[in-house]
Amino acid sequence: MPPVSQTVRVKVLFFGRLKDVVGQSEESLDLHDASTIEQLFALYSQRIPELAKYRSSVVASHNQEFASWDAPLRSGDEVAFLPPVSGG
Amino acid sequence: MPPVSQTVRVKVLFFGRLKDVVGQSEESLDLHDASTIEQLFALYSQRIPELAKYRSSVVASHNQEFASWDAPLRSGDEVAFLPPVSGG
Amino acid sequence: MTPPLTHDDIIELLREPIDPLLLIQHVRAREDGAIVTFDGFVRNQSHNRPTLYLDYEAYESMAVSKMREIAAELHKKYRIHHLAIVHRLGRLEIGETSVFIAVSAPHRAAAFDACRFAIDTLKRTVPIWKKEYFEDGAVWADGELPPAPVATPRAEPAS
Amino acid sequence: MTPPLTHDDIIELLREPIDPLLLIQHVRAREDGAIVTFDGFVRNQSHNRPTLYLDYEAYESMAVSKMREIAAELHKKYRIHHLAIVHRLGRLEIGETSVFIAVSAPHRAAAFDACRFAIDTLKRTVPIWKKEYFEDGAVWADGELPPAPVATPRAEPAS
């Protein structure tokens, strides 16, 4: 039997300068191959090469908690890519 | 020639519980023998024996600056006896 | 997870001007003796360039969640009573308050420590961003990268 | 000696209620980014006995002089802008503000440090006394003995 290809639908958000680079703040995405936050970011970096250079100054959140880049994604998850915060 | 006996007129102030003990907050005093703050306090302690027991918890001011007990007095000086402060 | 609001605290994001007096009245209680407040407002320059105005945006739901976490931690760490932590979003003019924090406590040391911990932690961990507008353009302000876990724990419970 | 008032500070003793908003507005400036305030007010109990009200008295001229010394020291020690230090005298009811301090600064660390130094120093060195009234009588509050010189310098210049 071939491995089951599962589609994972995630909501992806960009803020601050990342939103400017990506050109949008939010989208819903059906993932076929990407299964971690790292892979999701790589996917966007392929689409928008400029994004790659921000990798080291981005923190990711997973369902509104700061998360590690190896966090596995499930359907319905919300992932956000956050540049350094500057509130206050 | 006998030594010149000089009269020194000072203003003396009491605050907080010391004012209650002494029974007044302010008086002008002509000093003949007392010439330091320590001697001035001793003079009041003779008059009001209860005052003596406060000696270790009193700080003196001399012309509105915290002063040492050996400070010499001159005419026109203002001396205050201050219990522990409790502002704020 | 977002901690529930307890202790009658005010924790919020606002798009209107912040009213400090209202927040101070809210945290004031007869059992207390001290209130310390922090008022952060828009400076007229940044790195010696005159600022025109600022624009704040947030990942709103997560920002409120992180602000509530700060509140919960303050109550755990310090002997304080009531708290208000309010951040404004949108366009702010010079002199307008962007963040206001008020802490009441029976004694002043706890109020000072908690208020300072609150603003320091907010600036490091709450997803809010500031864009600075100048005569010749706009830039996103430099900020701090919030600390994040380096690896995901192996066995995650299904949610 | 009483240092002269500089920096447009407000340093005063008051017999009427203190207006915090007025003081905050006074220290607020377009060059700054932070204001820290301390509000000390009358608690409803002291050592677990219900308080009825307080009465504050001061050695007024010396108290103002010491408060100005604190202000001068704050400007020397910290990078702050404007200051307000106000203490109320007379009878104060539960919840009323006895002391209010506001400090503005370009950056928050200086404002926090200066505000805390101000209230800590005020409580140790400014000649003000508090009498606490209870159901069954009144007592002068415990306080701190201000530090004083241990010996007078020998050759005092004639004044």
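Things to note:
Chains: A, B, C and D, in written order; residue numbering restarts at 1 for each.
What we mean here is this: a residue touches a chain if its C-beta (ideal position, glycine included) is under 8 Å from a C-beta of that chain, and two chains touch if they have at least 3 such contacts.
Quantities reported herein were computed from a predicted structural model and do not represent experimental measurements.
The minimum number of touch steps separating subunit A from subunit C is 1.
Between subunit B and subunit D, the centres computed from C-alpha atoms are 26 Å apart.
The geometric centre of subunit A is 77 Å away from that of subunit B, both derived from CA atoms. The distance from the centre of subunit C to the centre of subunit D, with each centre set as the mean of the Cα atoms, comes to 28 Å. Taking each chain's centre as the mean of its C-alpha atoms, subunit A lies 53 Å from subunit D.
Listed for subunit C are residues 40, 119, each touching two or more other chains.
Contact of a single residue of subunit A with at least two other chains is seen at no position.
Of all possible chain pairs, the ones that touch are A-C, B-D, C-D.
Remark: subunit A residues 13, 15-17, 20, 57-61, 64-68, 70-72, 74, 80, 82-88 touch subunit C in the complex.
Contact residues of subunit D toward subunit B in the complex are 1-2, 40, 56-59, 61-63, 65, 87, 98-99, 119, 122-131, 140-152, 156, 159.
Within the complex, the subunit C residues that touch subunit D are 20-21, 24, 28, 30-45, 94-95, 106, 108, 111-112, 115-116, 119.
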